[in-house]
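Labels for the chains are A, B, C and D, by order of writing; each one numbers its residues from 1.
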Amino acid sequence: MYCPDKKGIIASVTNFINQKNGNIVYIDQHVDRVQKAFFMRVVVEGNFDKKLFDSFINSFNQELGLKYDLKCNFYLEEKKPRMGVFVSKYDHCLYDILSQQRSGKLICEIPFIISNHNDLVKIASQFDIPFYHIPVDKENKNEAEERQLKILEDHKIDFIVLARYMQIISSKLLNKYHSNIINIHHSFLPAFPGAKPYHSAFNRGVKIIGATSHYVTEELDGGPIIEQDIVRVSHVNEVDDFILKGQDLERIVLLRSLKLHCQRKIMVYNNKTIVFN
Amino acid sequence: MYCPDKKGIIASVTNFINQKNGNIVYIDQHVDRVQKAFFMRVVVEGNFDKKLFDSFINSFNQELGLKYDLKCNFYLEEKKPRMGVFVSKYDHCLYDILSQQRSGKLICEIPFIISNHNDLVKIASQFDIPFYHIPVDKENKNEAEERQLKILEDHKIDFIVLARYMQIISSKLLNKYHSNIINIHHSFLPAFPGAKPYHSAFNRGVKIIGATSHYVTEELDGGPIIEQDIVRVSHVNEVDDFILKGQDLERIVLLRSLKLHCQRKIMVYNNKTIVFN
Amino acid sequence: MYCPDKKGIIASVTNFINQKNGNIVYIDQHVDRVQKAFFMRVVVEGNFDKKLFDSFINSFNQELGLKYDLKCNFYLEEKKPRMGVFVSKYDHCLYDILSQQRSGKLICEIPFIISNHNDLVKIASQFDIPFYHIPVDKENKNEAEERQLKILEDHKIDFIVLARYMQIISSKLLNKYHSNIINIHHSFLPAFPGAKPYHSAFNRGVKIIGATSHYVTEELDGGPIIEQDIVRVSHVNEVDDFILKGQDLERIVLLRSLKLHCQRKIMVYNNKTIVFN
Amino acid sequence: MYCPDKKGIIASVTNFINQKNGNIVYIDQHVDRVQKAFFMRVVVEGNFDKKLFDSFINSFNQELGLKYDLKCNFYLEEKKPRMGVFVSKYDHCLYDILSQQRSGKLICEIPFIISNHNDLVKIASQFDIPFYHIPVDKENKNEAEERQLKILEDHKIDFIVLARYMQIISSKLLNKYHSNIINIHHSFLPAFPGAKPYHSAFNRGVKIIGATSHYVTEELDGGPIIEQDIVRVSHVNEVDDFILKGQDLERIVLLRSLKLHCQRKIMVYNNKTIVFN
């Protein structure tokens, strides 16, 4: 939840939860002093069936929502988010997503994989997941997006991961899945946005390369950053070494973001993220 | 402050502060579920003179302290902690402490430097700080400690830093400055406690070396860890390289700890630290 | 190759290769001044069929081997090393090994997987790799090792990876695959050798945890270290967080080691590794 | 030294040194396959007085220089490089430079400090180093540069460090001290070149900030990168935290570069550096 920063919010919210017999097992808050905004994440234990949960939300919004101008999302932990996976030809992120989900470390449903190429169909079948091959080119762009959108809606997708999907996402999808499309970019943003960042990094002679996961917005590689990490390179490394080292980063950084998103630990505000750990 | 974990603590404390016209500018809490203990750090803005401050403490302890079995420390931000500096022959940590304090980045008073050697007296005079040379050997150990203790008391020292001080601290000092003596050990503890850790690390063929700052306890290099950091080494590096690389770590890790301690961001519990950032 | 350090070795070796029409595409050397030992890794391009290769080795050994007391290994790049995989119940390292090998990033043959449990048979079948379930307990230890050894020999295995295999390796295997058994240990060695290192790290209150890959020797977790890496933890993290964060390290560190080993970039000497990059 | 990559260079050079009774204690080489260029760094032990040293250089150039089109620099280890220090108002890099030089970890002469402000004169006097206050503004720019140049020449300066010197360096100085002016920039280049990078990083919402040392060229913050390092930030950190964390990076990264430069371990080629370790 977030709201304009005012005195007494924490006391009000924790009092409210105590009265409803909820047990706070985690609470964290953040004040953005520049924006004068207050952010809070609370995990509550209690005996909530669907009905109680809805009535909790209702009274919360009535008693506190209006008073503090609170914007709040409520999640039941047992309801796993449903993730749509978009890929092109690279397999390293896809392998990591599927194996971590199978191991129970990435807790979400994966109803399908969409790709503009056919290369990774074998991995989809290895993991028994439906694979939709939707080629995208200049002529069929509109129609391809309609097909994507239909699949996303049919499967009641909550959020999308672009696991090295090499296509620009249409504003139709962006609007519908706002703050719910996660991309992995293979550079230390804002350095080297756009195409071929490893080549640019090599040509610039950097000593460290990086990877960045972010929510997708209209601006290319300009959305709210979720997580970044880096690895050292040296004059010994050629472009291919940059790529190999970088791909290890990409999958690590992407997976960390997906786990945070699935655990509802990320809030987006003013093109930045607040990541509660 | 910390106390046994119970329902309603956060609400009670934040309510109390609101009633006293305090404005909470920072609040963070931690629950140790294994120990069932609750920890909280709160920064309050308000118009507190000495008298109001004392009365605030009094009513806090009466209204909440007993109810929740709270143990709480109160600090006025404008009162800088007073730090006693112990060194032997190495200068890298001392230089960093003095220059960072002079730059206003390490906010504390440094009334003196104590050393069992005379090597660093020049640096003390460079920075205009009294330097007490108190040699320590088997015969005079007791007497030396008495001299140290006298100086510490005369200068109303709040805490001590062992900036590569190569002597065991007596239990007399340990008791008096419990959880207030910070040491920097030149290894990634608990690996390589005791003497010559860089040599041991070299002989073991590790690929990463570290430095660890901790509060001193009776057990050698066994006290609560405050901060650690590491740097890569390789087969190319000889023992002297380990030492040079490590000394850069030592000063960085030590300074981070001193800053955290001076900002009262560290709590000690069960031989561990809770570090609020 | 390595030998006692003497004047003129580099000139002699590079001269020799030039005479045989080999083109040196990579050369790196290391002098251990304490041990007075010289190490070199050379990659040569040239038109070598099997016969030429053997004759090159022969004349190298005759002309230089004796003169400099050189110990040298020769590899043809096109001959992929054959790796035997041992696992127990954890799947994260196994998934990484198999997917990276399939992507062509870990260049080796994987003829089979051996496990003392049956849990991971599904992953083996997902990747179409023979899976041998060889339970190990006190009674059948000897017999189990015989079965393992037979499989290793039948498949002409060059080296073994213990991908979180939770059993002590017998000296019979150790002798046969000396410096060719790679283990991943889930701590920053030499801290926390043996069982349950994440629990020990949690209890000690460290601020950084690590993972270490090493060649297996008779001494438990005491063999030559190949690679280490670390990740930060804090008071917020419980043991389960240590485990989750650590498992990401384990697979990264293990895979880096396997790649280095498969590329023949590691030399072992005096319980240490020289890793040419 | 560097030259176009040809067969036999290593053998020729090492043979030559052996014949002159030099003992190679370190040798490292690098081949840039894209540029087809060969780079080598050799450290030779031997009984070289000034005369022998000159004759060694002469015959090296005659016998090998022409043959291989070698460009080579020769240094006597005992001759310390002379460094000119430029600062403005920030003291953290200056403190580090002076204290590390005094500790014998940064091996160079520091004949003076030049500053466009008077703030740091006290530190200069603390360390007994001449301090030239040369204000720079639009009107006196030319004259100020002449004064700087005169001081540099009078003191026979080998290279210059800009230790957070907040002025553009004139092309006159750039030409004279080409590849010999080291700057520290307080961002992870090429992200955030120019002014106020910490503010830009904060506004972009990055999760990691960095510092970069580089040789100064005509292009602002575009010269060959020597060293970079990073530190994590989070939504908790405000701009001031970015600055404090970053300043620790700046001094570490700058000092590493100065040490490498003083040890003649850096070669510059095609706007990149080769850093031999």
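Simple rule for what comes next: contacts are C-beta pairs under 8 Å (C-beta built on N, C-alpha and C of every residue); 3 or more make two chains touch, one makes a residue touch a chain.
Just so we're clear, the structure is a prediction, and the values are computed from it rather than from any experiment.
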item: Farthest-lying chain, centroid of Cα atoms versus that of chain D; value: A
item: B-C or C-D - the one linked by more C-beta pairs in contact; value: B-C
item: Chain centre separation in whole Å, for chain D relative to chain B (CA means); value: 36
item: Distance between the centres, which are taken as Cα means, of chain C and chain B, whole angstrom; value: 41
item: Per-residue overlap in chain B, given as positions that touch at least 2 other chains; value: 236
item: Of chain C, residues touching chain A in the complex; value: 91-92, 95-96, 99-100, 102-103, 105, 126-127, 236, 244, 247-248, 252, 255, 277
item: Touching residues (chain side chain A, partner chain B) in the complex; value: 7-8, 10-11, 14-15, 18, 23-29, 31
item: Chain C - residues contacting chain B, complex; value: 30, 32-34, 188-192, 204-208, 210, 224-230, 234-236, 238, 271-275
